[in-house]
Amino acid sequence: MKTSTLFGATLCTFLAAGAHAQSSVAIYGFVDVGIRHVNNSGVGSITSEASGGYRTSRLGFRGTEDLGGGTFAGFKLEAAVGADTGTAGSTTVAGQFFNRGSYVELGNKSYGTVRLGLDLNPTYVTWFENDPWYGIGMGSAGNLFNTTQNGPLRSVFGPVSNTETTTFYTRNMVQYFSPNVGGFFGVVAYAPREGALSSAGAAQQAHFRLGYNAGGPFKAAISRATSHAQVVAAGPVSLEVDTDANASYDFGPVKLAAAWRQFKADTSKQNNYFLAATIPLHSGNLQGWYGRSKMSGTVAANLVPGTSAGSIDRDGAAMWVLGYQYFLSKRTTLYTTAAHLSNHGHSFLSLPGGPAVTIANFAGHTSTGYEVGISHAF
Amino acid sequence: MKTSTLFGATLCTFLAAGAHAQSSVAIYGFVDVGIRHVNNSGVGSITSEASGGYRTSRLGFRGTEDLGGGTFAGFKLEAAVGADTGTAGSTTVAGQFFNRGSYVELGNKSYGTVRLGLDLNPTYVTWFENDPWYGIGMGSAGNLFNTTQNGPLRSVFGPVSNTETTTFYTRNMVQYFSPNVGGFFGVVAYAPREGALSSAGAAQQAHFRLGYNAGGPFKAAISRATSHAQVVAAGPVSLEVDTDANASYDFGPVKLAAAWRQFKADTSKQNNYFLAATIPLHSGNLQGWYGRSKMSGTVAANLVPGTSAGSIDRDGAAMWVLGYQYFLSKRTTLYTTAAHLSNHGHSFLSLPGGPAVTIANFAGHTSTGYEVGISHAF
Amino acid sequence: MKTSTLFGATLCTFLAAGAHAQSSVAIYGFVDVGIRHVNNSGVGSITSEASGGYRTSRLGFRGTEDLGGGTFAGFKLEAAVGADTGTAGSTTVAGQFFNRGSYVELGNKSYGTVRLGLDLNPTYVTWFENDPWYGIGMGSAGNLFNTTQNGPLRSVFGPVSNTETTTFYTRNMVQYFSPNVGGFFGVVAYAPREGALSSAGAAQQAHFRLGYNAGGPFKAAISRATSHAQVVAAGPVSLEVDTDANASYDFGPVKLAAAWRQFKADTSKQNNYFLAATIPLHSGNLQGWYGRSKMSGTVAANLVPGTSAGSIDRDGAAMWVLGYQYFLSKRTTLYTTAAHLSNHGHSFLSLPGGPAVTIANFAGHTSTGYEVGISHAF
């Protein structure tokens, strides 16, 4: 048990039957459920029980095998869980149970790691690692963009969920993670399209990421993804470019962080940024961020039914989030969150958990939400 | 390992990677498969392999964290398994993998427990905890009612599975469990409807339960649920009221138990009861129950296609079950069950595993079944 | 932890809550992902990331309970995983998550074992246990047949996946495994059809298998399955007969193996065989096989759209596979595989991972593939 705990992921030893020798699997996850109230101005409000107000509810299996000489092999299989209703896996790609991670990897401390399978995008990590809500719930910095708005993501991917874009996860990836050398590290990744459609989760993607983390208070990263996606069979293959950067500094009494992200298609762009602060306070964290998303360029006629072709320069949104997390232990957290999102122009973004909105009834409106919940790690 | 076993649920320790400290997950479940023969009079018979003749086949993950001072946090994620064919999760609500339990909880020995997520209904527990087959298989006391009959459940929920009614599980629940004080304990629960349809598993429900269990031979409970459900979008929201009560006394050589349950809608009612006995016999249990369901009031025209509006006073069923379970160990049981259900009036209830029946070919008929199987807990 | 490893399958002890005493579950599986290139002559080629190039990616839960006197109970729940994209479970039968094994068993060292549920077919084991790729990926000996070809499998099952035929798994099975007596062992199995359709995975099947394995270099087995399947409701019930045999001898520097398999319907037959060799080489295995499939008899008009009724005597395919697996450890393997399949007559078989083919564009063509990957057991 001693050597395996050194790797921090391989923990309870099992002996696999049959031809295979000693094995090890760690079961881990989160169950996070809260009570949420979201009001979409002019449309109405809903009070709901919601999964993942602070951390994504999930169930995962992972392990690492020490191959000697600094070399190791490992795997991860991780499913998102809708803990309020008992769902598991992707709600948009049929049969995709392990939708948050499904890979095998082979690595060496000096030479880096090759990882094959479904994983977080490098551009996801750069954008969300500075988001105190890490991409989940009402406080997620992912609420600033989606594929239902007139803009570059909808131009390339059509009105499907973000999971098929470069914004979150990518399947069929070959990734290489460099070792950390003097604080610097890099990631390059490629995913073939395999002749499939973005509605089935497939796109030809190329990624890189360069970061700095010397173990000190300052961290930064830049990354870029290009994605060639086909929405319908025999339809055109479109190109999306996703570029982002982040930086953070931990002053001790306060940690400041910022991130910028740009989505670009043929004739349109979306720029997003946020500034976040974390203040340790009484066995907890007071956290918040302010951010904006801004469209520019033009879109084709009927991209969103009911709209006309032309400029999207006036479209965009501003959002702030404020929350406090009280740590009952390292594993169990009580949290409360307030968030407010205001749209400009034709934007009709809304916080998750509110009543359904359309461009007709919500363009330029505001979405406001409050939440309390329990987040438990295992 | 020693301290964690004191809590009886937290058993094999893992060390979670990242920021989280020591964690613990128990994997548990049942695999129960038997050979079943069911004859539906006038329709035919089927011999099948069936999952869950004595206990529901399932796979679960759970854990408890001791937070000190009698306070604890915990979670459960549990999926039903169709062990004869390899299915898992709900067969009626898409993507609902953890359909038997999906929650996080925070509790204290003196102040009680708050639980958020999907769980058994309080009225489910009151009705089924005295059913020797605990709601599963040919011997289930749940065979006395379903949403396909002319009656209150169909009036409110339409011809969907029982899983969307108050009869089994409820998603989006906030539950509070009181501590046991002098033998008395209580449960109150609420679930918002979140603007969704009962066909998607959603209903606005309020529950309470009051029970007595002083650790002696006598136990009893009463509970009540109200459910506001909408079957189709923009359709009416109907109210169902589900009330039940139970009592049991363990005399030693025999344990006697009884339960009563009433479903009520606007113009109709269904009353159900059963009397059960358990006799320990040669490393096993001889168990059985006799019960009846009885409709009253009126239903609308065409509630069940082919029937006319009007009185359902003559509709109902009587059922008996007899079974013997031989305990090979505390974990492994061999069982055999015989069951007989006879319908009155327009009722067309049948035991699970027989050929499909309709009101046209089965109203007033009888369903008879036999079964042998193996139930293994892990 | 020390004592539990003595049992070799029951490894990390948990204490089940409630009435049940000490329990044990082993979590095991494979994550196997590779990069594959397949060219289908005249159609095109695809480079893809693929799951299961050497061993099926999977996640399983199993346990054994010692009941004393040589008697034991056990279970298995095992799901296939598409590790490149995160899918899990069957892609052809809805909700079938544990599609590679879902059973409970009760056994005795002297009297044999009864197993109830979904499992590998006996004829699957006989054919694939001599296939170095054990039925998975580009190197699978299962690439010699499928239900899309004009022949007996399509006649009986229609153009559905092989998973509903006798070729892979069978649900609802009752199996009896004899003990090994002087090297000889047997299996008999039966699965009821339960009134369901083969498109839902149901067929009435009877199986037997007889084998020889005295722990020495020589092993052999024969098996036979009959399957009564109904493709569409109220349609005819057709009979398929699946017969196979195998033999292998391990000379030390080389292990030679062979298998033969015949599928038979009313008016058509398909004969298949392969010869395989395994040569241990530098901490790895050099392996390969050569095989052929050959149709005979006649099929009905329009069995495959665009073809006419009549003789299929000229249809068939030849295939070879060559691969090297380098064992980094007992659990982690690097592999590379090359495979070539050439069709004759109207056959349009192809290696997995290439572009979609039809009888119109691929009859008589060739499929060629290359692959490198990582296979990790846990």
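General observations
Note that the chains are named A, B and C in the order they appear, and that numbering of residues resets to 1 at the start of each chain.
Assume a contact is a pair of C-beta atoms (placed from the backbone, for glycine too) under 8 Å apart; a residue touches a chain by one contact, two chains touch by 3 or more.
Predicted model, so just to flag it, every value in this text is computed and none were measured.
Two copies of one sequence, chain A and chain B, touch each other mainly through non-matching residues, since under half of the numbers at the interface are common to both. To fit its Cα atoms onto chain C, chain A must turn through 120 degrees, a value rounded to the nearest 5. One inter-chain figure worth recording: chain A and chain B are separated by 37 Å, centre to centre, where each centre is the mean of the chain's CA atoms. Counting partner chains per residue, chain C shows two or more touched chains at residues 12, 27, 89, 97.
Considering their complex, residues 1, 12-17, 19-21, 23-25, 27, 61, 63, 65, 67, 71, 73-75, 77, 89-90, 93, 95-106, 114, 116-118, 171-174, 191-192, 194-195, 201 of chain A touch chain C.
Listed in rising order, the residues of chain C touching chain A in the complex are 1, 5, 8-9, 11-12, 26-29, 31-35, 46-49, 51, 59, 62, 81-89, 91, 97, 328-332, 334, 355, 373-378.
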